[in-house]
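Next, two complexes with subunit A in common: one pairs it with subunit B, the other with subunit C.
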Partner chain A sequence: MIRKILCKGYLAVLLLALYAPIAIIAIFSFTEAKVLGNWTGFSTRLYQSLFMGGASASLIKAIENTLSIGLLAAAISTLLGTVSAIGIHNLTARKRQVITFVNNIPMLNPDIITGISLFLLFIAFHFSQGYLTVLLAHITFCTPYVILSVMPRLTQMNPNIYEAALDLGATPAQAVRKVIVPQLWSGMLSGFILSFTLSIDDFAVTLFTKGNQGMETLSTYIYADARKGGLTPELRPLMTVIFLIVLILLLAFNLRTIRQSTNKR
Partner chain B sequence: MAKKIIDIRGVSKSFGGKTVLKDINLFINQGEFLTLLGPSGCGKTTLLRMIAGFLQPDEGSILLDGKELGDTPPHLRPLNTVFQRYALFPHLDVYDNIAFGLKLKGVPEDEIEKRVRKVLKLVVMSDYEDRDVETLSGGQQQRIAIARAIVNQPKVLLLDEPLAALDLKMRKDMQIELKEMHRKLGITFIYVTHDQEEALTLSDTIVVMNEGRIQQIGTPIDIYNEPVNAFVADFIGESNILNGTMIRDRRVSFIGHDFDCVDEGFGENTPVDVVVRPEDIYFTTEAAKTQFTATVKSCIFKGVHYEMFVDTDTGNELMIQDYDPYPVGSTVQLYIDPDDIQVMKKERTTNALEATVSGEGSIELLGGTFECNTAGYTAGDKVRVEIPFDAVDLQDDCDAGELTGEIHFILYKGDHYHLTVKIDGGGALYVDTNDIWDKGDLVGVKIPKKKIRIVGAL
Partner chain C sequence: MKMTKRSQWALPYVIFLGLFVVLPLFLVLVYAFQDRSGAFTLGNFLKFFSTSEDLHTFVYSIEIAVITTLLCLLLGYPAAWILSNPTYNRSSITVILFILPMWINMLIRTLATVALFDFFSAPLGEGALIFGMVYNFLPFMIYPIYNILQKMDHSYIEAAQDLGANPRTVFQKVILPLSMPGVWSGILMVFMPTISTFAVAELLTMNKVKLFGTTIQENINNGMWNYGAALSLIMLVIIGLTTLISNEKGNNAEQGGLL
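The block that comes next holds the complex of A and B.
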């Protein structure tokens, strides 16, 4: 009995520690107080100002940048990573080992080093830093993750199905499109989602590659904002909304997987 | 006169310096069920993949209906393949798998539906069209794979060990169905298998392959009853393969006795290989019929028959299959019908090799240095040498000999083993020995000085 209470209690404390900060942000998004922690009565004004254009233009711009860079970087990395994975898969075992090892290095490399080295690279080639350099940097660190999530699908795949498609009259391009890609689809999707979240999440690399022309993503904006003196109140509803979107996506994704596995049975 | 549909002319192929196919010449008639049969690594799948267009021959050409296929890519060849592990498309259901080829060709939807239903009926899978292919059993998946290939009405259907992954009972059933399908469709089948029984059951023609070469082409009955060499005899069915001597036409001597046979044209006193199938050695109680006697060493019930090993009066071991068992230890009287003795030309009677004289009393042979009498030759001379089979000494310890090698092929010849030893770094030695080795054993090779004979300069 005591054991049971201890177990449940431990779980409760754990969940509380994990979700309390998010809950606090969510709760205080419904009050107008400038400083986090002051409750000045229930209000949805912060939401109104966030969505009705009351928030600063630079915050909106940062949100737009974050989303567009995230989507573009994820899409391009997924394409690059998938093509690379197919190429790597068709190498001889020895070469494949070497390339896979090389592919793992950027993932283990600390972000700060990736950021500084890209910064130096862009400087060396006189690349003016801004939106494009951030996008390139994000593609760079996302692609290895896509390769990593597509490779297992390739190894699981029956090696003959590509040949079977050719045999049935498909051109090599049709065979890839109609047979190989559908097999890799789930790997590509998880690679895409992973890339998107990594891109949105990234701070260190973005900070070093965004240049000084005022290009900001959400993470660098919040960092700069916090240093200027307190968080903009509108960030509270924004965080809450982002959290809710992620939660809904996650639920939808899990429900779909559950439904699929019951269908199979 | 049957029409040639596929004509393979002088095809060779090697991968990374290793020859996989060597000068293959073969034609396949319209409507024929032809089987490429051989142990794994004999090149049969490589040949099939060349016909399908997945590989290109290094030399030679493949003709379809008299036209060279050249480098026509697989998707433009009017052939379809049934792959060993089915290779169905897991993201499509049964119907879409079968319709895949037809949709690519732009066949109208109602025509596709008609044809898919027809082949589903043919493979007895009519109610399965909406099923997910991964929910089907192995046998059902194989049927769909066959349906997916034949729905395109290929000129030739290529089957790469299609039944290898099925259990025995299912395999037998599918064999009968395949044969039936072949009869109904009239399509030419080229079938690859390592299972000799499957080949005998299904084929009109069997092509026995080994080490990238065709050993024999013939009907199942020809191949079984008249194997051309010891490899074919050993690979197809059970057999006693023995050293013999052709005394004269229709008279052969082996296991220390003389027998009447039906073979002619070998010359007099010629060393030959003799094959006797275990079911062709008969027991008798009549003294007049008895050709030799033997002692029963073991007797095992095999279902349909008993399998016995006997030691003959001259010390050879024979395998005999009979419906009646004979007690172990008993002496039995045996005879063989002249018709049942298959005499084959010996492929070789000694190891004939090329070597280089490397100095006074030593030669370089197969990458090793051996002592040998080099009188009459000087260093650098290229010479031809002969080494008798029984002169080669194999050692457990790889470092013990001048050469190292691997036991590659074992043939039991009644009173000794005839081994093919692949020498590391290329070449092979043939060895007669009484010692028991296993395939794949690594050995050291020694050859006594006296046994290496230089027979002439190159």
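The block that comes next holds the complex of A and C.
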């Protein structure tokens, strides 16, 4: 009994420590004080100014960039990843091994190396850096995860149903759309959510590929802001909101996976 | 015929991988061995080994990474064990709560740590740096160890108990050896990002402490691309070595488990 309390207590203390910093930001997002840690009474003014246009134009622009890059990168990666996964699945084992190895590199490489290597690529070919290069970089590190989530569905799929659809008179395009895609759907959705989370979360790769034309995403904006010393108070409600969004996305993602695995059982 | 057609669907991605994964890494290698004019040189590496500040930062970063990894292991292993033990924890939500911080922006987590230290008016510095690193990377240690303990066949433990082993022996001779692959991948998942991190150290120590990642970033930002590429290559070698060692240890432990 005592052991049980000790063990549960240990988990509770660790969780408390893990969430304390975020909790403090969330609590102090409801007060107006410029400096964090100063409680000047309950107020939702920071939220109002964040969402009602009181925040600076550059912050709004950074949020827009983050969301549009996140959605575009996730959509393109899902498309590219799914098509490639079908292709890779139909390759000979040897070729498949080589591609899988290269596909693993962006997942294993530290962010800073991915960022610098892409930076050097854009420099070497005199490609001017900005929105497009960030988007390309995000597609580079998101697509491997899409392939990773679509691949298992392909392996589980009966290889003959595509042929069956063709025999029954479907055109190849119809067969893919009506037979293969529905089977891959859940893997594609997982890949999309994962890519979106990875993209809005990224800092290092974005920093090296965003160029110096003033293109910012949220993380690079926060970084620049923190380096100037002291955070803009509006960032406190913003971090709280981001945290909640990521929390909801991940809970949804994980509960889906759990439900699927229990269904299988 | 149809099969070859569908295998061609991989072609665009093969080109994409070549352009955005293989070529960039190759460029790191090329830039590292070139001087500003593009001629072959070993000068960038000689510069690293003769600049005592950069060399010192490099060694210091490894020290910090080792300390962080050890602390994460010390704190994370018991947590993973409790999480995987059905007597103490049945809910998968608790597990998700432990893994979740992995997905929250590193900068936000770091700034939150700074806020926590400000809140308790604790001074920022080396202590804050190590706390922040452990806080940032602890989930990466817990997750792989939890995963392997979760999948472990409990009949091994029962067999050991039936043969008269006390709990300590069961842990030492059965649970720990079987969980070693998870421990090694946890070490890899903590050590790699700690050694390559940047920005985190500046924010947690008010620019008092510099880590190797920051050195690389500064050189790239200041237009010293060749030297920056050489430093990146050195980091890649360290990371490659760590991966090799942990893969080997991980596999050995797995084989040991099968015997």
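Assume the second predicted complex is superposed on the first by the 246 of 265 C-alpha atoms of A that agree within 3 Å, B and C clash if a C-alpha of one lies under 4 Å from a C-alpha of the other, contacts with A are read in each partner's own complex, and residues count from 1 in each chain.
Please note the rule applied: contacts are C-beta pairs under 8 Å (C-beta built on N, C-alpha and C of every residue); 3 or more make two chains touch, one makes a residue touch a chain.
Everything numeric here is computed off the predicted structure, so don't read it as measured data.
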item	value
Joint occupancy of subunit A by subunit B and subunit C, clash or fit	fit
First (subunit B), second (subunit C), both or neither touched by A:254	second
Touching partner for A:182 - first (subunit B), second (subunit C), both, neither	first
Touched partner set for A:105, first subunit B, second subunit C, both or neither	second
Degrees between the directions from subunit A toward subunit B and toward subunit C, using C-alpha centres, nearest 10	90
Contacts of A:246 with subunit B and subunit C, given as first, second, both or neither	second
First, second, both or neither for A:201, with subunit B first and subunit C second	second
Which superposed partner A:166 touches (first subunit B, second subunit C, both, neither)	both
Subunit B versus subunit C as contact partner of A:121, first or second or both or neither	second
Greater subunit A contact set [subunit C / subunit B]	C
Least Cα gap, in Å, left between subunit B and subunit C after the two complexes are fitted on chain A	7
Shared contact residues on subunit A - subunit B and subunit C	163, 166, 172
For the subunit A and subunit C complex, residues of the former touching the latter	4, 7-8, 10-11, 14-15, 17-22, 24-25, 28, 36-37, 80-81, 83-84, 86-88, 90-91, 99, 102-103, 105-106, 108, 110-114, 116-121, 123-124, 136-137, 139-140, 143, 162-163, 166, 172, 197, 200-201, 203-204, 207-208, 219, 222-223, 226-227, 231, 239, 242-243, 246-247, 250-251, 254, 258
Interface residues, subunit B side, partner subunit A - complex	52-54, 73-76, 79-81, 83-91, 100-101, 104-105, 132, 134-135, 148-149, 152
Residue numbers on subunit C that touch subunit A, as the complex places them	2-3, 5-14, 16-17, 19-25, 27-28, 31, 75, 78-79, 82-83, 85, 87-89, 92, 94, 96-98, 100-101, 103-109, 111-116, 118-119, 135, 138-139, 192-193, 195-199, 202-203, 213, 216-217, 220, 225, 228-229, 232, 235-236, 239, 243
Subunit B partner contacts - residues on subunit A that touch it in the complex	158, 160-161, 163-172, 174-175, 178-179, 182-183, 185, 264
